[in-house]
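Chain naming follows the written order as A, B and C, and within any one chain the residues start at number 1.
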């Protein structure tokens, strides 16, 4: 079976499974709200400060919430029986990892957009259409970067002891460039209305590298 | 016959709500003290939903507490049905309050005590729903959910008293005041109670529908 | 089609610094039906997983149906059913079969209803499989196997957890694929022999799989 067909099958299954796991998904959205509430109660930022703290708040909250979703991507396949069946099936192994990566990117994208909208609601910040569109582009690239990274490392760590501790230890340091670039680009968009700049190039290249890594290492990551 | 009457509950409620809305437009005096004019009509939705969410949270917690004590599944099902309605009421309270805030203060949200504590109550109710959704019929899920319901109910007096003990943009207690009788026009009070009645009817109808649905599987 | 279904040539497989399979040489002809026995922990499951392409050997050459087992086209010829449940537990039987029908292209030729009826799971088709009993899960794993059209069938402890009804369903299925002249290789310590099967093999050590009957 070819790569694209396998990717489609795996991604479609994850999407259909959402119906049975919708509680978990809403839990991540609620977690974002909780992070925002805790930040507000702890920091009590002033209205003048808004352009400084808002980008950091949006991205740190999104990364924390979506990382919990990403850590759970391979939960079902962690059962040895299912993984053995998938590996012995005609599915392209690279396609399995690519399908899961797309799912990870989707989770990231949805959580980040929701967090963005909630943050602007709670801090009464008005965006124009152009700024919102630019932010969507940033979210798209960062979701690809983080989602693909998370799925690849998730596949690599299948079968490892203490996976739930090890995976964040791998993931967060490698996600720092995405976080830094996204925060700085968001600041630029909110203050100056610019999208394209050095940070955008960094984000684009980093996300593209993650994309290529999944293509290159996807199959090997499932080998044992 | 019984099933047919269930089908009419929600349409009947909706028609009653429309009739009450016309009644509000015709009978309600403008609220001179706050100079809100016709924006007071938003209050007729917001306050009843808030009261309903508090009442349903407490009732749901009560049923949850009885389940924890007696371990009978009927009490847990009742608790779940009530908390679902409490969560929807809390959400509608926050939404109607946001619209009110945008019109009155020019902002969808402020981090004052009443709004923040109400948001926390809503998050606790959602946490209950998520735990129950993810853990289906397991005893551990029911037990955890019931404990969350009880904790949510403990939050209700904090929400109610928040306007008295913290600095807040939100209007202070108008009806349930420690200082004296309700500080509200009598006509408005009657309309408010009518609206509360309608919302309560909706709430209990939803609970009844939910319970009969969950019993049938 | 290759005359040899399985061929292992000086194969080594290590787990955690110790060899589970060590210099193993083995050959299994196409169309043969056999039982594999051996004591617990000797490496039978690892042996099957190597043949099915689930894991890779450190050294040596493995050929399954005339090709490398990890190749896509070879994996579509091999029907491997492991000792552990291989399906999505949060999905119902119906939903799982819908997924696996896409995975195995031959799955489109089978009706979900008739497959589930044949393993006596039609009544619980819409229940999430995590709520199934051990026997029901085993029967469902069999149902997934039934929607595949393969040349080599590798079943690891397929009778474990099945009640008498389940065992009869499995025996009927084995009979059916035997008539189609497919190669069947089963791991089971529950029987000394399976009626109608050609041979019995024993994995005596990490290096030896010999025919005892």
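In the analysis below, a residue touches a chain if its C-beta (ideal position, glycine included) is under 8 Å from a C-beta of that chain, and two chains touch if they have at least 3 such contacts.
Owing to the predicted nature of the structure, the values given are computational and were not obtained by experimental measurement.
> Touch graph of the chains shown: is it line, ring, star, complete or other?
Graph shape here is a line: each chain touches the next, no loop.
> When you take the mean of every protein CA atom shown, which chain's own CA mean is nearest to it?
Chain nearest the centroid of all protein C-alpha atoms: A.
> Between subunit A and subunit B, what is the separation of their C-alpha centroids in Å?
35
> Quick check: how many Å separate the C-alpha centres of subunit B and subunit C?
56
> Multi-chain contacts in subunit A: which residues touch at least two other chains?
21
> Which residues of subunit A touch subunit B once you look at their complex with the stated criterion?
21-24, 26-27, 30, 33-34, 37, 40-41, 44, 121-124
> Given the complex with subunit A, which residues does subunit B contribute to the contact?
98, 107-111, 116, 119-120, 123, 126-127, 129-130, 133-134
> Sort out for me which residues of subunit A touch subunit C in the complex.
So the residues of subunit A in touch with subunit C come to 1, 9, 12-13, 16-17, 20-21, 76, 79-82, 84-92, 223-224.
> Please give the residue numbers of subunit C that touch subunit A in the complex, ascending.
Answer in residue numbers: 49, 52-56, 72-73, 75-76, 78, 80-91, 95, 99, 102-105, 128, 141, 144.
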